[in-house]
């Protein structure tokens, strides 16, 4: 088995909502329903202190988490310095720092 | 499924006098199919079809792989059309979906941008002294079979029915992307619900299986297959389709594109070898047929004459279901009775292990 | 004798136009091609953003039309409009002093977007279907079960070059939000996903409703247009889209797929335009003389426009135009000539 | 002679109380970190001990701090604590006066009236004094009852809620003094004697009730009194009344310079248990007054922490504005305790985090003065340009640490409890400051300032808030400002700058150098929080606005033309709720600079 043909079969990039386990995502949304109101404007990411230094994209990561894509989300959230600039800019008034902490909590930390 | 909407997409298909354009992939991997097509048309249906030894590859693979420039391929296509005219035909039928896409694309380009047609005609004349005459009718060979599906049904001796259960065979149809996804109006049934193969299956007693990834590409993708590093992406596409159709337990897959037939067939072997996944009943793979092979079987042709021994996935389980009489000992014998060699044993060509095919030269 | 104004169409715009004309002393005549008054609003269940029952709009208007003795002719299809004359399909000619076109628009035929499988797969519905189901109190999947996951697709037949509907139908975004909330109320356990290209919440209370849908009803909004729907063995529908905000393709199976169909121009507009000389806009709707002070005037004198005949509009906007058009007709008939 | 069976409950209670408390204190002290123990030993024979004694009298007995805040509440606490203390002391003197040097067991002092029945040479003065003291204490009990019913009349919007331990102890406590009054009165009725209160009540009882009843009630009422005392003593260590004793060692330890640490330590026990639940912190809390959040204030935080039932929500729902800590009569280090609670819940050591700091240096410019704008200042670019103008006017060479984006100071993470992560930022920034050889570090952000001062080891680098720095430039003549009385300003003290860093006067001096300063209703140590504090991760956006609005109303009510603050976060928060011009201190300086000749 596993003959080597000099390439490997690509894994799908699709977000499969059917097979993703949405339990943690639902927990996060239940704890902070306002997260659903994100309109993807990107203010948070544009202003992000960590995003200025790395590829960290808060908007994208929390959106993926909401879809049940948890892989790597915890590690990404650990790049955040919780400085709170994003919260000052969010046009939907989302408590972004709480989002970071919730995701860290549900996906690994404390 | 209520598929009546295919009727919105009708196209005119010439009734007789065809100029035949062969397919690079089909004639190499499924040579029996092209032969069967010519036979069905000439002998069964009594139509005039001309198989011109002068015509060449359309160079579509090169074009889609960014090797052949647009002007070059236009000149090549112009030459095919000139040959057709010289042979006295005006209905062009092509065996290859890539070619079909190329011809429709170029004809459409010439229509939208007449200066490109002028340029192609000029190049053709300067290079070969030939004169460009565009075909009156352009069709894919599957369109032609679709056109005659009822006549074929009348002559049918083996409908697409499981002889043991009496149930219709469950058939997955796969349409080549370039058949209707580029110009939906140029394909029977359009791009979303193409009817060209489904029509044949329904006319011949089978049941079409719709499944979620029906529209998905087989993964050939030209560049994606040709470059080894990208090949995993190519396989992944076939895998996605196979994974999606597997729960529907199809008896076989039928394609109108030679590339798709090849990849859906051969990638089953690759997936089995690389990941150990096999599809179909008992993990014997899902046989992949060309529509010519399907028509040939329906008309009672010998499977080995149809070239079905060239498949990666063994077709015997399907032949058994259909009640096709075949001689296992002649599977790997060529036209002149000479042993043509056989594939090494693999999960998807299980019939090989039986030892029936140990041919003495 | 007071002047006769023919009002083509007996929907809410037509009725309000006739009422306003009557109060200004004219003699309006409503020509309605169907067998009843009320137009499309009559088929609707609750209206955005206040969840007001649609009959609270239609019933008082119909009653007022009757009480004011306005002439109504049902089952009358207008085939031609000439100057001061309307010709019906029966061949009958009706002379008049002015014509107000209130013939509305047509709901986009979702079967044209065949990739969504409307009319092919059982569990694909349009927004209009959902309203009917709501009216009949029988919202359920084709098998009669309560849906557990619903996808709502915005912009079906709007802003889509592929079906030659380049315009925005204006009301579908908020309808998508409204129906999502209604469905969530009916099926609290269902997950609801709205797939959108843009969310256009232009009206008062719309943005608030949108936020409410997100925060209070936990409706998921995914920015990305569904590219195709396919059937699953159990009759459910698998949909594919790109979650453009994450740049990843997304796939899910749903119990119901609801298509927010847009408004397109009536096919009749073509011959009504050619016979009358009132021009059409490129999208097939009647062209207003301008978008500002003369927006209820067609490009032809004596022919006026109100409601969605000139572009997609909300009920409120249509009714406002109906009131306005009566005054412009009065101006025209009293001083214009 | 000083024994009767009814004394048993009291004796048992007393023994249990002292054993329990002694055991606890010994354990807590034994568990103290070594460095803390050394501090105690070092401090023991210094004036700190004397200061502690004086403070104990002032605070633990007289409750001077509460008196200052609220006289009635102060009187309540004072009457109970000091009154009881005097009862014990005077009672002891009384016994001594009767018995001389003879040993009298504890119950002999406490129940002296009982045992004094047979004693000759009655000293009436003591009876009167003791009655007066009892009355004093009873007035406190009455106030306490009254406070339960109507806390508003004691100047408090809210009063504290009780735990079960509290309820039991409280019930006993409320019984103690009334039963003592009744017991002594009945004793007076049956056996005569008593002071001006008990004697009169005794006489009255004699008139109303039959003598047999009084005689029969005599022994039981002393039992009840003893039981109340014993019960209270047993319940006390498990109730909030543990504070009565704990406040005393806390005062000593604090004066020996013990401090609450980043992570929890044994010293926290003294802090946590010293809370008397007076509820003053509730009144100070804007989350209570503006948002109606109950159950999260310091008193409840300490209650939950004491009971080991603290949850993340209570720990997190605090602005850490410091208004409660500033008012706390016991001087409990509330913010630090809350921080180390959060750290206990959230801190996650993870070496791989923030490895993107490696070799990062986006700083620009060169100079001995380093300017660290802070993340938030990036959102108030007027402050940045104003600082640039000021630096240029003063002719200072400045090294800009983070103009093109830098690493956060770490305070926000520390505020949420992620101490280890915060320390990564401390290490990074410290190394950066050292690398560029600055000697002065100026920041516009009080949040950064706080952590630079408290958590960074920046020896050799002077750390200044820009208000301090600007004042220096003015005083040294490096810049001069145009003054006009017509320019009116009001100033909002940012929490982290004022209560957090004790900087009140410098910003005001800068403002008065430009124009007239009108103070808002709450100012200096009493100033309000803007509501956007990074310390709170619970309240919503609209709640932040509610808090901010109440503050801007006060600022606008001053009638000043310009609202000034000295924190980018406060500026952002206030800007949301005011139509008036809100500026950073640096901006008014930059716009009012005298151009140099």
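Letters A, B, C and D mark the chains in the order given here, with residues in each chain numbered from 1 onward.
The working rule: contacts are C-beta pairs under 8 Å (C-beta built on N, C-alpha and C of every residue); 3 or more make two chains touch, one makes a residue touch a chain.
Since this is a predicted model, take the numbers as computed values, not measurements.
J.: Go through B-C and A-C and name the pair with more C-beta contacts between its chains.
T.: A-C
J.: Going by C-alpha centroids, which chain is farthest from chain A? Tell me that one.
T.: Centre of mass proxy via C-alpha means gives B as farthest from chain A.
J.: So the centre of each chain is just the mean of its C-alpha atoms; given that, what is the distance between chain B and chain C in Å?
T.: Those two chain centres are 46 Å apart.
J.: Counting only Cα atoms for the centres, state how far chain B is from chain D in Å.
T.: 84
J.: Hey, how far is the Cα centre of chain A from the one of chain D, in Å?
T.: 39
J.: Out of chain A, which residues touch more than one other chain, so two or more?
T.: Within chain A, the residues that touch at least two other chains are 34.
J.: When you check every pair of chains, which ones turn out to touch?
T.: A-B, A-C, A-D, B-C
J.: Which residues of chain A touch chain D once you look at their complex with the stated criterion?
T.: These residues of chain A touch chain D: 34, 47, 49-50, 52-54, 78-79, 81-85, 88-90, 93-95, 97-98, 101, 109-110.
J.: If we count contacts the way the header does, which residues on chain C are in touch with chain A in the complex?
T.: 193, 199, 211, 214-216, 218-221, 223, 240, 243, 245-253
J.: Touching residues of chain C toward chain B in the complex: what are they?
T.: 111, 114-115, 119-121, 228, 230-233, 238
J.: Given the complex with chain C, which residues does chain B contribute to the contact?
T.: That would be residues 1-3, 5, 190, 192-193, 210-215, 247-248 of chain B.
J.: Flag every residue of chain A that touches chain C in the complex, lowest number first.
T.: Touching chain C: residues 13-18, 29, 33-34, 36-37, 39-40, 59-60, 63-64, 66-67, 69, 92 of chain A.
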